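Consider the two complexes below, in which chain A is the common component and chain B and chain C are the respective partners.
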Partner chain A sequence: MLSALLLIPLVGIAAIGFLPGTIDPKICRRISLVAILATLIWTIWIGIGFDPTAPGMQFSEFVPWVPWMGFNYHLGVDGLSMPLLVLNGVLTAISIASTPGDLHRPRFYYTLMLLINIGVTGAFVAQDLFLFFGFYELEIVPLYFLIAIWGGKRRGYAATKFLIYTAISGFCILASFLGVVWLSGTGSFDYAPLRSAGLPLGTQILLLVPLLVGFGIKIPFFPFHTWLPDAHVEASTPVSMLLAGVLLKLGTYGLLRFGVGLFLDAWAYLAPWLAVWAAVSALYGASCAIAQTDMKKVVAYSSIAHMAFILLAAAATTQLSLLAAVCQMIAHGLISALLFFLVGVVYKKTGTRDVNVLRGLLNFSRGLPLIGSLIILGVMASAGLPGMVGFIAEFLVFRGSFSLFPVQTLLCMVGTGLTAVYFLLMVNKVFFGRLSEVTIDLPQVQWSDRIPALILSVVIFILGIQPNWLVFWSEPRIVSLVTEFGQPQAGLLTPGNGMGDDRDLGFQPIKSEVTQ
Partner chain B sequence: MTDFLLANSWFIPLYGAIGAVLTLPWSLGIIRRTGPRPAAYINLLMTLAAFVHSSIAFWAIWGQPTQKLVFNWFSAADLTIPLTLELSPVSLGALELVTGISLLTQVYALGYLEKDWSLARFYGLMGLFEAALGGVALSDSLFLTYCLLEVLTLSTYLLVGFWYAQPLVVTAARDAFLTKRVGDIILLMGIVALSSYGEGLDFSSLQNWVTTAPISTWTATWVGLTLIAGPTGKCAQFPLNLWLDEAMEGPNPAGIMRNSVVVSIGAYVLIKLQPIFILSPIAEDVLIVIGTVTAIGTSLMAIAQIDIKRTLSHSSSAYLGLVFIAIGLGHVDIALLLLFTHAIGKALIFMSAGSIILTTSNQNITEMGGLGSKMPATTIAFVVGSASLVACLPLGFFWTMQRWLNGSWEIHGWLLAILMFVNALSAVNLTRVFRLVFLGSTQPKTRRAPEVPWTMALPMVGLTVVTLLAGIAPRLWPLWLSPVAPLADVDSPLISLAMPLLISSGVVGLIIGSTLELRRAWSRPMQRSMRFLQDLFAYDFYIEKIYELTVVMAVSLTSKATTWFDRYVVDGAVNFVGLATIFSGQALKYNVSGRSQFYVLTIVIGTCVLFVLTNGWLF
Partner chain C sequence: MLSVDKLEPSKHPLAEYIHRIEACLALLEDTPVHVVEVVGILKSYGIILDAYSRNLIYISEHQFLNLFPFFKYFNGKVTFDRLLKHWNHDRINFEYAEYCMKSMLWHGGGGLDAYLDTPEFAQNAEAAIQARWKGNLFMLGLHKLFPNFLPEQVRVMAYYSGLGQFWRVMSDMFLELSDLYDRGEIQSIPQVVQHIQDGLVAAAGNPIVHQVKLGDRVYDILPKSAGLTFLMDTAVPYVEAIFFRGTPFPGTISYNAQAYQIPFDQSIFNYGALYADPLPIGGAGIPPTLLMQDMRHYLPEYLHEIYRQGKRQEDDILVQICQTFQKSMFCVTTAAIRGLAPHPMDTTDLAQQRENRAYLEGWMNRFVSSRVVAVNS
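Right after this comes the complex of A and B.
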């Protein structure tokens, strides 16, 4: 079942590869869209067959691969990966559909897009550490080319920076993975047996730190983030959407799956500091976003701020906060993809993203009224306005983490408040006011520029009004992520608020929360 | 039939929302052939339906016990969020007021915005406004209330920013959103905290939870203060009061809603939260302090304004300040009555002001005059509205005050002093505005001033009649919200003197207002002290300047510093490492000489260095 998710895009790649080099780019797009839609339908089919209440991994596939090295081809999905698979399918489809029709070197481009899809899907379903690592690395190369070939002016710099950062990230992760396999003495990279290895705390911390750095680069957190704004600014719109919507989620997925899953004791020990890290990252990202003048950079820094909430939720490891982490991943994926898409449309029509140049784009007859309205909607969703998916995700994050880390949670909420500041400043400058002379004769906005945004907006609305669908796959057994194989953590997973009867909002030193 | 309508009262706020959605084809320009009018008619129809429905429901619930409707909206892990609605005479009464004023406003807007090309967008936003307000009126869940307050914040932003091409509107919309958002985020912090303490977020379950007093006073104070912050922003109370005055740049029909029901909704939420404040006396005191500061400060600001809408909006803040004091004292029923009388009176005055603005195309009262004989309906509306806001005998505010000061409640001297002060200044200001606008000689801008068209006159006259009758409500109000029958203390001298003193304060205000020397031409007082005072009030005590120099500057400096740090320190370090690598590579390439002796030498030296480094402890 799951291998098909990897095979269908591969068939698409093969089909594109056999086309002649002079082929119309639109045909390439159509073929890859068909491939990706088929994958999406298959994903949804798996989702329908997925039993949210069943324990453990489902649809498992196990084939020994290199037995003497301990590598296995082991796939499976659970409540954590299922929603992310769907998100991946939806956003890849929208990215491919919103690629311009007159692209140069189309065969290579769509091959890379499909390769990224395979890499991400593989990473989400891999149940073997080495397999995960392989897919994780697989997605880096296509992205490098996508930025370096179809990017903006400084694409070479941005792409190389991305490559170096992500290579270091991969190195850290590999070090941690090798360490856990060797030190636990299981001799196998298979995920499930490693969880019950029960390493001593010191060793766990030693292994968790490189993992945190590795995924911290990918997500990214301060101070490992500087590749992201550059990559976003130089990448073309569809690539930006994929990068923000899906690829960053690999990092948070890795944190939850391997950081929490393999090193629970160390995770609990470091949790207060992880929450502090989240708060710092959130405030830092928001603070940087206020002063940016490039619309894409504003969205990129807001991405850093919003991804930090996932770390906060993951640090708390209450039932609710783990669920919240999944919700926030989905919410951020949808909202940032929407915003990057719309900023891309503005750039396409006006030729600039500078907030000091653009003005009055909401103008009804000569501006971009619908795109402007959708951006207002998108930034409101990002700022956590109720009725849209961003709000419920953030509320769950804060509600899930507050009882354990009140101060850090409140700081993150200040970060949410700042979201409104930087986005509103941007919207006010770009869309309100009198239409500026620079942008007076704008080309017509096609429906193809609107439909992807409309689809994303509708999904954002529906999941905001009916969030039960958002947590449908994850809710019943999200806890199994932490408890199933590891030692149950007394303080971390009480079904209530996780704080017992100590209900004081007080500001005790954060260390005292740690349960040993 | 009435039972069916009552049981389905939850649907009433949705009329507005449906109306808002149905305007989309016109506001997005999909349907252009018909012009935007059909969108307006659809919304009017929906609002009419909402009004009729809520009236029937109100009539049906009168004298009935409170009903609760619970929708299970979301549950995950240990968190369940039900959306609870309360059907009681209070909530349905509030709903009827909201839909009623919304209906009148929308009819009024048909005339006021007759030639505006984005009429459809306006009606869509009004529908959203009405839906959110109606939802808050019915909501019995703090969570739902918060969500709807946020929707209100958004629609305020969009309504203030309606004419988005004007520079003042742009800043006004931004400030309105951000000011309210500050309050909302703090409120959200309180909600997250309350939710973490267990017990759910329904107002009624919170009430029960409070009686067991499970948290320390310190925590309770913090939670109480966060809960106050949201309504402080919504009700335009100090220190979050400036947005309302700026928001007057938006279209006037939205201003009618905003000054009457929207500012009230924040206080309505406070009334619902009032039982929680018993946990923390400090929170109650803070409410009183905020209310007092705002009531006195904004009353003073109002008398120095020359923009007709701004002066009236400052007075809205002042009256809401009184409501805050009443809630802080625990006089919840009085707070509700104050909201009711103020909402109706202020809506009427704003309709009148809108008529003046539309007719004269001007908001500056120093350029008006002599409209009294030309616009009779507008004049009567203004007079009736003003009279209902100062303690004038047969009208609403008088009876509300009478109810407050009749000895049922504990009244302190300072409270009476504040009431007299606000009443007197309100009288001064309204008389001043009346004289400038309606009396005196005709000015160039008021020379041709016909009465407004029927679409505006009809709701105005209708509301005038309602205002005249509204005095009945405070007299008959059964004090539902006060848990115990208030004490009766009729004998104290303060009580017996209270009403006469209050009325005389109004008379004094009237006299001062009528004898005040009015300057039509823009001239400055001679004395330096007077000039200082005028500037101080006219520029809102320079609060905006203070904000600019503190909060705004701090945020902007921090963000600039962070960006600098990001660019030159964090990213700089990365680039430095990169450059260092490249340079060292460039430098080292000269070692590639092709002589094997040199390579052997390098290897030997390298090995030695490594050996020393790794085994340095041996020596």
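Right after this comes the complex of A and C.
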């Protein structure tokens, strides 16, 4: 079943490939949209059949690939990857739908978009380290071209920088994967056997550090972040949405799946420092966002700050914080995609993203009132206002991490507070007051510019007031998702945690015998 | 250009507009599009003014000293159907008319304002107050305690009536202009201005009177004997209060009076229609926006079509209406300036030309910060 998630977009690519070079870009968009919607429907079908309480991977597919090298075509889905698959489908569909209809080289563009979808989906369902690495690398190439060809004025610089950073990221991850396979002596890249390899702490630290660097670049965390603002600024709006909404999640997914899953002892050992790293990254991202004058850069730095919360939650490795990490991935994916989309509309209509030039865009006659209102809604969601999914995710992150890392959590909470500062500064400058002369004669906003944002806003609201629909995928077996085959976890499932004794939800850290 | 040839050119920053008026042209440039816009907007404005005028006169006569005039916008026809329409806001924004009335009351000026402070008015008002609250010891007792309150309400009623009578004339004038245009008799901006000027001159001496019937007796509030007339006692104060001074109103741009962001001296206010930013700055119920909303419903098709061809089409129609309305108000102002000029603009007497020049430069000093350049660009 899971292979179909990779095959359907591939069929879409083949269909686009057979089209003549002079084809109307809108037909290419329609075909790729059909392919991606079919994939999304299939993903939902899998989600309907998915049992959150069942142990281990579901819908597994195993085909020996290169046995003598230990490579297997092994796919599977669990509560960690299931919500991310849905997010990937939704955001890819919205990104394709919001692509301009008069695009040049449309066949190549939509092929790359579908390839990214395949790469991300493959990475989320791969149960073989080498297969994961292959899919992880697969999405880099299309993204490079998407920035380099359809990007802004400095697209060449941004794309090259992205490529260099992610190449280093890939190298670090590959080094770690090769190390764990060789040092564990399993002779296979299959994920499940490696989780119970029982490597010594020193070896685990040695292997975890490059993995942290590799995924730290991808997410990204300070000081590996400098490629992201450039990539976002130069990328077109649909690509920015995918980048922030889905592609960065590959990094956090990798941290949870492989960092915590394969090197639990080392993870627990380094956890306080990881939490410090999260706090530094959150505060750094927020501080930089305050200083920005480009709306897209504000959102990009905000992204850096909010992705750091996932590291904090992952570092705490309590049941609640792990659940929070999943929630924050989804929440950030939706909110950042919404904000990047809306900033893209502002840029499309005004020709600038400079907060010192834009003013009064909430003007109901000549401005962008609905777009502006949705941006205000988006920044409220990002700042963690109750009623929206951002609040649920951040509340869970802080609630789940505070008992273990109170100082680091408080610092991250300051980072959340700063979200309100930099976003309100931006909103105040751009949307209030009188329209500036350069934006006094804006063109009409079409419904095609509004509908994607409205859909995302509705989802942000619905998951904010009904968070059970977000957590039910992962909650029942959140701990086993990353530690099932690891060392014994003495602090786990401790009753009397204040959230209901009969629930697998607690605040105790997952610790192995070594760290105890 | 005869008079300009004889006089040296003006060195005023708005000399171009001085020369235009001296050449019997208008503050608004004469273009075919301007003619369509001005006539079209004045037609819809005429329809609205008709409704405003009837309502103001109705309130002044039939809601006289009614402290809780819940149905003052119904013109005496209160039905459940009209009530539903009112609540659904399917109606004309009569609040805008009251806003203008209050602005006139506040800025004052002219014979009407002066008359309302005379002993004769106080006597008339007192008689009406006694008749209105005859037998009501509570109200008469309150009147004894607060003797200035009810007379002030009578002054407000007098302004309701005065503005209603002024707009009655203007409404008919604008609708007649539209009819002339439809018959092909109006083809240029100077013709528009001339029509308005003729209308103002023709009605200049019309008496402004206000009577109310209380019980069986009719009480004079503004008697004919007061000698109040249309032009000097309502039209000129109206232009001063609404076109020039106006009032600031809060929106996304707020004013801090204590920080002197609003002039201390209200005579140098410049928040009027000729200075107003057509871009609504936000906030609900801003009075100029109410007028644009009303006019939108009565736009002639030829004008509506021009708006539909705009970049934002119907999205910014209120802004487009406001911009056009400002153009038309500069035509009305031109007519008023010409009508009040010390000498005809086509005079050949150099001394009279000089007097006209000084008179015009005085006006133009007030136009420096107005939208006169913007509406012509």
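The criterion applied here is as follows: the second predicted complex is superposed on the first by the 489 of 516 C-alpha atoms of A that agree within 3 Å, B and C clash if a C-alpha of one lies under 4 Å from a C-alpha of the other, contacts with A are read in each partner's own complex, and residues count from 1 in each chain.
Keep in mind that, in the parts below, contacts are C-beta pairs under 8 Å (C-beta built on N, C-alpha and C of every residue); 3 or more make two chains touch, one makes a residue touch a chain.
On a predicted model such as this, the values are computed, not experimentally measured, just so you know.
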Should A:Q319 be classified as contacting the first partner (chain B), the second (chain C), both, or neither? first
Spot which of chain B and chain C makes contact with more residues of chain A, would you? B
Regarding the shared-chain residue A:Y284, is it in contact with chain B (first), chain C (second), both, or neither? first
Examine A:G433 and indicate which partner it touches, taking first as chain B and second as chain C; both and neither are also allowed. both
Could you tell me if A:I462 is touching chain B, chain C, both of them or neither one (first, second, both, neither)? neither
First (chain B), second (chain C), both or neither: which does A:F364 touch? both
Counting only touches as set out at the top, which of chain B and chain C does A:P443 meet: first, second, both, neither? second
Would you check which partner chain A:V407 touches, where first means chain B only, second means chain C only, and both and neither mean what they say? neither
In the overlay, answer first, second, both or neither for which of chain B and chain C A:V34 touches. neither
After lining up the shared chain so the two structures overlap, which partner does A:L19 touch, if you call chain B first and chain C second: first, second, both or neither? neither
Which chain A residues are contacted by chain C in one complex and by chain B in the other? 360, 362-364, 432-435
Can you list the residues on chain A that touch chain B in the complex? 161, 164, 222-223, 225-226, 284, 287-292, 318-320, 323, 360, 362-364, 369-370, 373, 376, 380, 383, 385-387, 391-392, 395-396, 398-400, 402-403, 406, 409-410, 413-414, 416-418, 420-421, 424-425, 428, 431-435, 467-468, 471, 475, 478, 495-497, 503-506
Show me the residue ranges of chain C that touch chain A in the complex, using the header's touch definition. 252-253, 277, 279-282, 311-313, 315-319
For the complex, which residues does chain A have touching chain C? 360, 362-366, 432-435, 440-444
Where on chain B does chain A make contact in their complex? 28-29, 74-79, 117-118, 146-148, 150-151, 154, 158, 161, 164-165, 167, 169-171, 173-174, 177-178, 181-182, 185, 188-189, 192-193, 195-198, 214-216, 218-219, 222-223, 555-556, 558-560, 562-563, 566, 570-571, 574, 578
